[in-house]
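Next up: the structures, one after another.
In what comes next, chain A is part of two complexes: it sits with chain B in the first one and with chain C in the second one.
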Partner chain A sequence: MPSSIPAPLAAYIADCLTPDSQTLVTSVLSTPAPWLCLRLLYAGLYGVEDSARHTEQTGHEVIFVSLLRPLSLWTEMGKKMGLDLPSLLKSRRVRYIDGLAGGTTSSTMSTGSATAESDPQQLPTTRLKSMALKDIRDALDGVLKTPSISTPSTGSSATPLSSSTSTTGSARGGALTPRIPTAAATRSFSPAAGRPTIYIDGIDFLLASQPAISTVELQSFLATLRSKCHALMLACQADSPLLHSSSTTSPDAGTPLERNHAHFITSLAHSTRWLFQLRGLDTGSANDISGVIRVSRGGDDSIEFGPNEGQDKNHVQDLVDAEWLYQLKGDGSVRVWARGE
Partner chain B sequence: MAHANLSHRRTHNLLLISKLLNQRDHASPLTLVLDTLEQPAKPLLREYLRRARLSRTTTILLAFETFVKPRDVDFFLECHDSTKVLDTVARKVSEVMRKSGNKRCLILIDSLATLVSMSTSPTSNLNLTAFLSSLLQPPPQAGQAEQGQTPQISVVAVYHTDIPLPAPSASPGSAYPYSPSPFALLSYLATTIITVHSLYVLYSETLAQAKSRVAPVFGLGEEIEGVVIGLKPKGVAVKPEEQGIVLELEHRRKSGRGVLEWIFLPTAVDRHQSGAQAVREIATLLDDHPLFRKSKEEETPEQALSGMTFELGLTDRQRLEREGVVLPYFDAQKAGGGEGGRILYDMGVEDDFDEEEDEI
Partner chain C sequence: MSFRKRNVGLTGSARADGMPQTNPRERVQLPGVRPSPLDGRPTTSTGTASLDALLAGHSGLALGSSILIEESGTTDYAGALLRFFAAEGLLQGQHVHVVGLPEHWARELPGAVGESEKKEKPVETKEKMKIAWRYESLGQFGASTNTRERRQSLPAQEAPSLASGQASPVAFCHTFDLTKRLVHPASSRMDFVQLAMNPTQSPFTPVLEHLGNSLSRSAPNTVHRIIIPSLLSPALYPPQSSQPQYILQFLHGIHSLFAAYPDRMTAIMSLPLSLYPRSSGLVRWMELLSDAVLELSPFPHSADGDAQLSRGPTATADEPPQGLLQVHRLPILHDRGSGTGTSETDWTFTLSRRKFTIKPFNLPPIEGDTEAQQASGPDHNGKKSDLEF
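And then the complex of A and B:
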């Protein structure tokens, strides 16, 4: 059964959704990462298929912070893989903090879903006052504080909503739609799953655009965020000038941006459980290959280090670092395969 | 030469690593653990915690990048919000130590990266040396002053060597242009430095060396765009009990002498064992690991000289005959050797005795 989440990646993505974990997606200019971010998002909402272990853990609400890319892009890409962002936004299962709509002071948390029927401009999103760290922290704290959808009234309203998701999904892309209503129907919002999953796309852009933010401040912001949420997923750039220049030459070389970015990425990698690294082919470009994806274990092995080692050990042992090729197709699907397959 | 005194190293250096990991006799007050993304130091920390539990040492983890309390930690201090950490953490640590009342205490720092980058920024006003010594020597407390004993505190701090220093926030160089880099400072302060290596990386380096090839690099060292962590080779087949990490140990003795050793620490140990099994030393020398063990033939001189066009060795018969040769003066020593510096010489026929010439 074709799934929107590629089969080789499913086990890794499922492991990214364990509590208190952090996932880092790095990409380079030629291989952007939105397709993977959306699949992580999808897994956070509906769980990964063929994994009974995580079915009870799904149903987390998602806070999605996009600092570099517009909502229209996410909506369009999401539609192709069966992720109906507008209706998810309306049902407040996904809450979106828009980093591109800054400048306007109006923070619209328009709760009336009746007003936003089909116009994507009126979807309930949160706008940032500015890209300053304080404003982002305020916006996230505001979203974290607002009551989630676990009240019974909205819970009942989620059922017709998921059916509407399925109708739009079946209109678009055949085989992967049947699992959406089933996942939504079997899901129950348990109070234990209260903490949301947070996705931040382009967090490294803050370092570049806001010289006043030091790496230490940004890291402690992310660390406090991580202690408040279920799982934290970050997407960053790992292009060569941003990663290598400061590590090879003398310690005083490199521009502040290069040094800070390299410091930031490597520090994040040390506290991350799984690292998804996207890059182009080493041998140049090819028509039928979009790029290479490598999944590596980061510095945080809290499963083994942590208290719940006994039960998860068998599961984690068989997940080893691996590398595949992937191809994004025109219909939004993605094929992931090992070299030589 | 290294192979010749292998048994000597096996005895002494294994005792040393066991002493260090168990923190026996206050062997190393400040241990610096250097790691990279290729091999994080978490397995080593886990081993420290396991042994501390066995020896009933109080453990305190200053968690800069750990979010889940590890199993064997007694006190878990979250240091995530670095802005608040500095003024409170030393106080908290001494509080915790007073609460535990234990004389032996092990403080683990899971990442120095935050502290180091704060120490380079002029605004944060953090002195790394002062901070570490405040951990090692807490202000004397009333109860202990009466008893006249100080707690035995060891600090194990992890430093990620692949994290570059961030750019100073103020104008560059204005902070402390003459002060050494934090890493240099730390390596001077430390009494023991343990560098953690990945077994697979080391093994592929050895393989390359055996074929006189350039050793492969992994991860950030590869300098491939988009690669943060290297892909370890899959072909290496080792048994589960032979999997582990490699420690490059540098211990500075009180006498000033340094001890260098490569140690292999297995990680796939059944941690739920107890009693004598748990106390038994599991670390071995790297040279005793099956992947790195040098075969005996390689080391013997016969093997080293095998490529020559002429024979340097001896056959058994030649050796026997050589041993049978009686060298001159052996019997002379038997006869009158104990009588001091007398010259023993038997005049031959060709000798012409001349009193004037020989009387010196």
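And then the complex of A and C:
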């Protein structure tokens, strides 16, 4: 059974999970990034390799902030690749902050950033009060502060829940794909694993839709966040209309939206460890190719000179910038191959 | 491969997509909705058969997705697509919301070419075949009564099959005639939402409020269609609406509604590209917030060409394309990977009285080559007539 993470990407994705690292995934209109986001998420939960020991070894909690895409999309795509998001949400290994829940005007939304756990059918997600940066910060702080599965207060209430989900998870996992690590592995997850991995999809939308937020403000928010989590992963848009103002020389070129976006993405790229770029084929489109993925080193190389320099450095040096073609298939699998292969 | 049991169906990819499979019965009850042939997700028709066919093999627009149609120039081809979309929704008994337009737009919707009209022709021809040729002129009267009886019996036969819950393929997408006017069904629900003109607040606030209210109040088997014609056009929209905080938050709000009411609504909008070019960051964000992005670029000379050619008897056979249609993004295929992609991104479109046709783009023969073509034309015809003596 092939791993859900494409082999060429595995080493890079594993390196993205080193502590205090930041990863940036950029995409364009015709090549959205959800498949890659879910694979990064999967790696954060279970490790890159598809063996049982990894499910116990690694395993940081993941806080998943989705500002632009609905949970149904993530669930649907996750199911196809062996990531059972509903049961992960119930067992609180993944905590989901829903950026699309704030816009509706119905009365249930007035609870703001409280988790909606009362309804058993509803998955425990955190709703954003609004898309304002302050509310997102509050929601994230709330999620970071709320006791995770390890604390006894929620542990007592969570035990029957998670045991039930583990049985359903394994039953469902058996029906779908046998390689879904069941929630039983979740229970052995040690509380000392510490800080969660934070994944934010569409953070650049804040900058575009709220001119009141300055680039610096957003950057400082992300820097604070990065200090609180194990690894920070961001998905942003890098379409040429959003970036072209950075290539022109005159400072007044482009609208404020374009200038801010270019500034934001560029500075993010400089502070990330690895940069995953998705784009369409330059030569047009093809039936059997979804797009091009390019993995390149970001500006952040500080970790290479960390404490365990020797092997880490060698390991990191093995990884060079590379570019592949990829194809996203209907069954949720992704084929990644080099040109000419 | 030769050792594989032949009778076992390959259902792997379809099963993996569990969500639409779990409650198919519920989905069938939605008016004008049928499951996608590829993965079973519920889809509804856009009212334009060739546009349905373009949507990544799902043969319809998946519920919960939106189409953005961009058009450059001063033509209104996108408007025709939006009218078809609205008329289809009304005929399917879906709840139609139109943003920013006055109510008389409803009266200008194209009428459907009736199902009975379509059915009649084959019946009549069959009847003709039965009558001996020498009695044909005499038998006109009798034959017409005969067909009339047939006509009455046809709907009666069809009614039970429709009532049994089988979505008939004919009813999924109607054919519309732009010269006719739609007869609104008695139960049709159509709302016209007006924008707020107050410059200090978002013009889209009342729209989102209206949509949220009507979605939360409506019955769970109601499908909603949102139609937003010429978005941000200064003729309809106040000047502040093109500020990113208003328009982008509005589109995000629509997405929130999609997320809150999954599989209950679809949206279509058109954007004048001459005012908002694709090279601007704002338009790119609007595209990113839509599930399908199509661009219409009408050919500049098309108006003259139509006038000349439509007079000729052969005009209906092969109409010249009126513009280029480029596909920038398709729903479901691009973000979820489910669907059949084609390598084509360039298409041509032709809007005739009855339909909006989308065909693959083929370069026409070079201008100087017309003589050769005309020379070959009569030759070909001559041979044909020689053969058929």
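In the analysis below, the second predicted complex is superposed on the first by the 266 of 341 C-alpha atoms of A that agree within 3 Å, B and C clash if a C-alpha of one lies under 4 Å from a C-alpha of the other, contacts with A are read in each partner's own complex, and residues count from 1 in each chain.
Here is the rule we go by: a residue touches a chain if its C-beta (ideal position, glycine included) is under 8 Å from a C-beta of that chain, and two chains touch if they have at least 3 such contacts.
Worth saying up front: this structure is predicted, and the values here are computed from it rather than measured.
Chain B and chain C, once both complexes are superposed via chain A, fit side by side.
Of the two partner chains placed by superposition, A:R335 touches none, neither chain B nor chain C. Look at A:P34: by the touch rule set out above, it reaches chain C but stays clear of chain B. In the superposition on chain A, A:H270 makes contact with chain B only, while chain C stays out of contact range. Using the contact criterion defined above for the overlaid structures, shared-chain residue A:R195 touches neither chain B nor chain C, since it reaches no partner. Within the superposed three-chain model, A:L100 lies in touch with chain C and out of touch with chain B [touch as defined at top]. In the overlay built on the shared chain, the residue A:D239 is in contact with chain B and with chain C. In the superposed model, A:L73 lies in contact with chain C only, and not with chain B.
Of the two partner chains, chain C is the only one touched by A:M131; chain B is not.
Look at A:Q219: by the touch rule set out above, it reaches chain B but stays clear of chain C. The superposed model places chain B and chain C at 110 degrees from each other around the C-alpha centre of chain A, with the value given to the nearest 10. With chain A fitted onto itself, chain B and chain C come no nearer than 11 Å, counting C-alpha atoms only.
Comparing which residues of chain A touch chain B with which touch chain C, the overlap comprises 31, 239, 244, 254-255, 257. Considering their complex, residues 12-13, 16-19, 38-39, 64, 208-209, 212-213, 216, 243-245, 248-249, 252-253, 255-260, 262, 278-285, 287-289, 293, 328-329, 334-339, 341-345 of chain C touch chain A.
Against chain A, in their complex, chain B makes its touches with residues 35, 37, 40, 42-43, 45-46, 64-71, 78, 80-83, 111, 113-114, 117-118, 121, 124, 160, 162-167, 169, 172-173, 181, 220, 223-232, 234. Across the complex, chain A meets chain B through its residues 20, 22, 26-28, 31, 214-217, 219-220, 223-224, 226-227, 238-240, 243-244, 246-248, 251-252, 254-257, 259-260, 262-267, 269-271, 275, 277-280, 282, 294, 296-302, 304-307, 309, 320-323. Against chain C, in their complex, chain A makes its touches with residues 29-32, 34-35, 68-73, 75-77, 79-80, 98, 100-106, 131, 176-177, 205, 208-212, 237, 239, 241-242, 244-245, 254-255, 257-258, 261, 284-287, 290, 328-332, 334.
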